[in-house]
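Two complexes are shown next, each including chain A; its partner changes from chain B in the first to chain C in the second.
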Partner chain A sequence: MTTAQPEFMSASVVSRFPILLFVAWRNIWRNPVRSSLTISALASGLIMVILYASLLEGMTRQMVHFATDISTSHMQVHRQAFIDDQDLYATLPWSYLEKIQQAHPSIQVSPRLYAAGLASSSTTSTGVLIKAVDPKTEPDVTQMLQHVRHGKLNLDIADTTENGVQRYNLVIGAQLARNMKVKPGDELVLVTQAADGSIGNALYRIAAVLKPLEPNFDRMGVLMSIEAYQQLMYLQDGFHELAIKVAEMKELASIQDTVANKLKQFAQEKSLDELGGKAVVRNWRQLSPAVADLLEMSKAFVFIIGFIIISLASLGMLNTMLMAVHERTHEFGILLAIGMKRRWLLLMVLLESFFLALVSAVVGSLLGLVINDYFEKYGIDFSSAMPDGYDWAGMIFEPVMKGYLLPADVFTASIMMIMITMLASLIPSWRTVRLKPAEVMR
Partner chain B sequence: MALLTLKDIGKRYRQGEVEVQALSGINLEINEGEFAALVGPSGSGKTTLLNIIGGLDAASHGTTQLNNIDISALKEAQLSDFRLFQLGFVFQSYNLVPVLSALENVELVMVLQGRHKKECRQRAHHYLELVGLKEVMQRRPSALSGGQQQRVAVARALAAGPRLVLADEPTANLDSENATALLDIMHTLSHEDKTTFIFSTHDPRVMDRAERIITLQDGKIVNDQEHHHEHSDKHEHIN
Partner chain C sequence: MLRKRNTIKQLQPLNRQNYIATAVLLFLYIISLPLAATEQGRQPVTKVTELIQHIDKLWRGNTSRANMTMTVKTRRYQRTMTMEAWSRGSEYSLVVIRQPIKDKGIATLKVKDNIWNYLPKINRVTKVPSSMMSGSWMGSHFTNDDLVKESTFEEDFSSRISFEGLRDGKKIYEITSIPKPDAAVVWGKVVMVIEQENLLPRYAVYYDEEGSLIRTMTFDQPRQLDARTVPMRLTLQPEDKPEESTVVIYNDIEFEVPLKDSFFSLQNLQRRR
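Up next, the complex of A and B:
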């Protein structure tokens, strides 16, 4: 066997990478208990972040669901004066209804009208927000009318009084029903100032009580048909709001542009009265900026909370690697003595941290997915304490908090965990670089 | 031309408030294929001298040349390459990487050198067989005796094909039988591979195996003589 010198002294770290990987992998299992504890701590941190991200995503999706499918729909058209001052006279002409419907083949539209009034039951009176919808087209744009808690949804004529006056059915908000101590079947009188300046008043029968949709409507909302509204308010000229639902959310922006262009075109063909201002189309993000902001903030929340949780968990990694490096100074001295370069040693120790982080990421992600599955199916049920759900930041939440996990969140959290733990392991790794073999082997 | 030349090597270091003169005025030449022992009592400077020869420590003054390479002028990365390709090390104990088998430990240096995997495996097998560890080469260090571990370290040092093997009290933790056996193996391999060995010891039984004995005392060479253990005749070297 010859002792000839090899001729590849310039071989790079790349060619040594496999052996460094191999030794690093073996090293993390030299103390299985310590490595397992470190992996447990990191994996637990990752599980917490995954579940937090899932529950927050579930909440934001619920918010979007309420904001779009239940109440607002995807877009709305108003006159500017209605947006600014809830101007009763700032209506869109009825002709717009058909024209906008024809603006794009994949949209559904439904008109709405609003007014403020005073509701009186046999025992109490309170200010209310009157909302009129078309029961035929409203289900095309929202699920509002399906959210009945008590009674049966019916906005038709209820009956005719002895004096021959027709009484319409109403649907009211849950909190309003509680405050006024009324229930389906009870009578309610509404008094308001009609469009012609007269005092409009009428007797109604409560057909149903809605589940909470949005805090304002829940406390003050009275829902009636457009026909009933027109009789009460003497307002025939048009409608205040046009709710628009698109078939595909990804088309929202382009359809919004199309509708905006059509509105300009309609105004050029026949100008609207100046007092009401121009017609404006806004998407649900513009209509519910709080929800849109919360959506943006929730991403930041996940990042910040995730960073804190994983940073705390990575302290375990820091401790493990500090101990491992401290225990192995003699061994590192030997490796340096036999010709291992300092940068290879640094890489080897970093690879050990990387393996620990990688195994933790895999274990944490898998367990996180399993636990999340339960949260997605069953959620956390607060219905015994809060049967109506709860409102927070002006939004209604269902009593069962369900998770919704985005694969990207698992990936991001795992990458974040690996990066933070690698950063934490730089301190012990750096110690190996500064070792003096002659000293550590004494 | 000598393989190793030390000229006026001196080493001072501070130990707390005290300045210690570990080595002074060391002049030494070692020829290719020599099997030399550095002897002397504890604190005489044996390990410091080996560390300076191995580029693990820097001399305060003087020059060290191995194979015409001035070690004292090499930078950190060059020193690593120098140790990797020119030197083999055997230390007192805990020489091996605990998570690697005997075979993998011997392969490690060659892999770091960039040799091909097949060549590493062949050479590792060959040298482990030479040191009598063929049967236990898959065992990890914790499953080997102290003597076996030192033999693995010798196989590792030689398998990498160095010009010079430095062994710092390789038998210090071994009983007489194992110590003698290890020295015999080192001696045989040094002759077979024509590899130069310098080892430190203060064990008289180990010294007896050396062909040249360099005696250090208080950081100075006080004696340097050839030693033929078969006939016990000695020839003085002139420094």
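Up next, the complex of A and C:
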């Protein structure tokens, strides 16, 4: 109550409210079976919403994990021409690497290079996407190199053939290995057009096969060290992609701004060649908009599904309260006749609904937390049916679906339930207001 | 496809493969530009067929050996390669790169529909898979389709003489080739102009299925070789990149050189460095 209101009003409300609370609470338990049933219906609804939110959050976390930790990292810098059509010559100068790192001591950076080529084993040939990383700094930004299925990860020089050709180790995608029928230890020939227009060709030894990172790499990816790439492609001037990992996700936006400003500043100091376009920094949401959209959508999903489930459950509540009010019309008539104000009556009925909702919220949240605990620990396991996980919307998912519950979700769901049930209880309480004491007492 | 030749396509890495095969196939392709047999009744069939047969053998004869220089100009670099090429009919050919030093000895063998590359640096022979045949050829402005389809041009296109008479002060034949309904080809129309006097091809223009001009191939620097006049320079000009081009110059061509079938073999591919 604000001080602007007349004192007697606030005094009366304050003094009568505890009595109303007490009466409302007692009224609920006049019919314990009916109230318990209502509470269990509402609580089950809430449990379902909580579990749904938890599983969806678990999935989106997995999605974000794949989108960031496995191959993309949090941000990437490219030249515009590389973004547009993978222009081999649209490189960022090597000096940027150190300068960007220095701009922000808390971030981790790692350079990458790309090219297309033809890979041949002793029996088959196929087109591949060549990706080069720095094995020293790559683990700072992603877990790509830990994602090994067969073999042992190694990107160094493997050996020298009888006529003095050095063979580098490389690793390849799982699907590509299957299609080419190659395994760790086998030889691979890569042929491509080098940056100077000559025919780049070299021998490699397959050191390992990677687990699925992303569908494209899985199908046609070949990963090597930057050193090996430069010997194949004669592309020394720079790199195509800079992966940046921030220490705290919440700093993402501010660091992105700083990096963008730095890039502008570098370009002013020493302009880049025109054909490659300007340097652009994008965060993972911009890099994989499909994932970002899905994340947004999943939030909306939880809300819509939750709304439907709780609305259905609150119909039970509506029924309970209608019954309760109906039973007590005579009683209400008497109360009105002896001078009870109609608004107090209304408030009392609303309080009864509120108590029902509150008890349901507490019971539902507690049970929900307990069941969710199981989902977080064990999840739903599809690995017998899909050992490789599944890919959906260009993302690869693990075969075990695990929950992840945000405390905020429990809170939001509970608040939503209380609000919906209170809305539903407006109908029965409105009825009490319109009672005519003379009629109902007859 | 042509538009993207200077870029690495993640989804179509095939595009940039095989420079070498480009060279051979380019050579083969040029030899049999739009020379299609025709079933059309309203033109004298023999005349179109004659023209086609003439141009089919213009650079090739029954067997041939040629030295040529190919210059590829892109926004990023200009690169000249010299090559030696042998052919026997339209089915067998072998091309060996002589210059520059970096690519010296790289050889490509084509036998019917199969293409192999020999890479001397790593001493390996790799076969070009059929999936690599459809995409644009790296380095030059030719597309794979040109190169592979050269042997099926007659099957895929129906040609007719669409104009006969004086143009730019010279008497010419204009041959228009339209793909047959069930042919899997990229071009919607190919038009070639040949001089009547000495049956010298002047230029060929390529349209896509929507009818817009994609590229122009120009033939010039004619030279009298044996009984025929052969254009020694071919220039391919993509329409959307005026600053880029691929130029092939024949330094010399010898016809009817004795070449056995065994010359076009994998063993020979490795031997000839």
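Definition applied: the second predicted complex is superposed on the first by the 425 of 442 C-alpha atoms of A that agree within 3 Å, B and C clash if a C-alpha of one lies under 4 Å from a C-alpha of the other, contacts with A are read in each partner's own complex, and residues count from 1 in each chain.
The working rule: contacts are C-beta pairs under 8 Å (C-beta built on N, C-alpha and C of every residue); 3 or more make two chains touch, one makes a residue touch a chain.
Only a predicted model underlies this, so the values are computations on that prediction, with no experimental measurement involved.
By the touch criterion defined above, A:Ser15 lies against chain B but remains apart from chain C after alignment on the C-alpha atoms of chain A. In the superposition on chain A, A:Asn201 makes contact with chain C only, not with chain B. When the two structures are aligned on the shared chain, A:Ser120 is found in touch with chain C, with no touch to chain B.
After overlaying the two complexes on the shared chain, residue contacts for A:Leu335 are found with chain B alone; chain C is out of touch. Of the two partner chains, chain B is the only one touched by A:Arg26; chain C is not.
When the shared chain is aligned, no partner comes close enough to touch A:Leu369: not chain B, not chain C.
After overlaying the two complexes on the shared chain, residue contacts for A:Pro437 are found with chain B alone; chain C is out of touch. Under the contact criterion defined above, no residue of chain A touches both chain B in one complex and chain C in the other. The residues of chain A lying in touch with chain B in their complex are 1-6, 8-9, 11, 15-16, 19, 23, 26-27, 29-30, 330-331, 334-342, 344, 437-438, 441-442. Within the complex, the chain C residues that touch chain A are 4, 6-20, 72, 74-77, 79, 100, 102-103, 106, 117, 119, 121-124, 126-129, 131-132, 138-139. Chain A makes touch with chain C in their complex at residues 85-89, 114-118, 120, 124-129, 161, 163, 165, 189, 191-193, 195-199, 201-203, 216, 220, 275. Residues 47, 51, 54, 56-57, 76-77, 80-85, 87-89, 91, 94-100, 108-109, 111-115, 123, 126-127, 156, 158, 160-162, 193-195 of chain B touch chain A in their complex.
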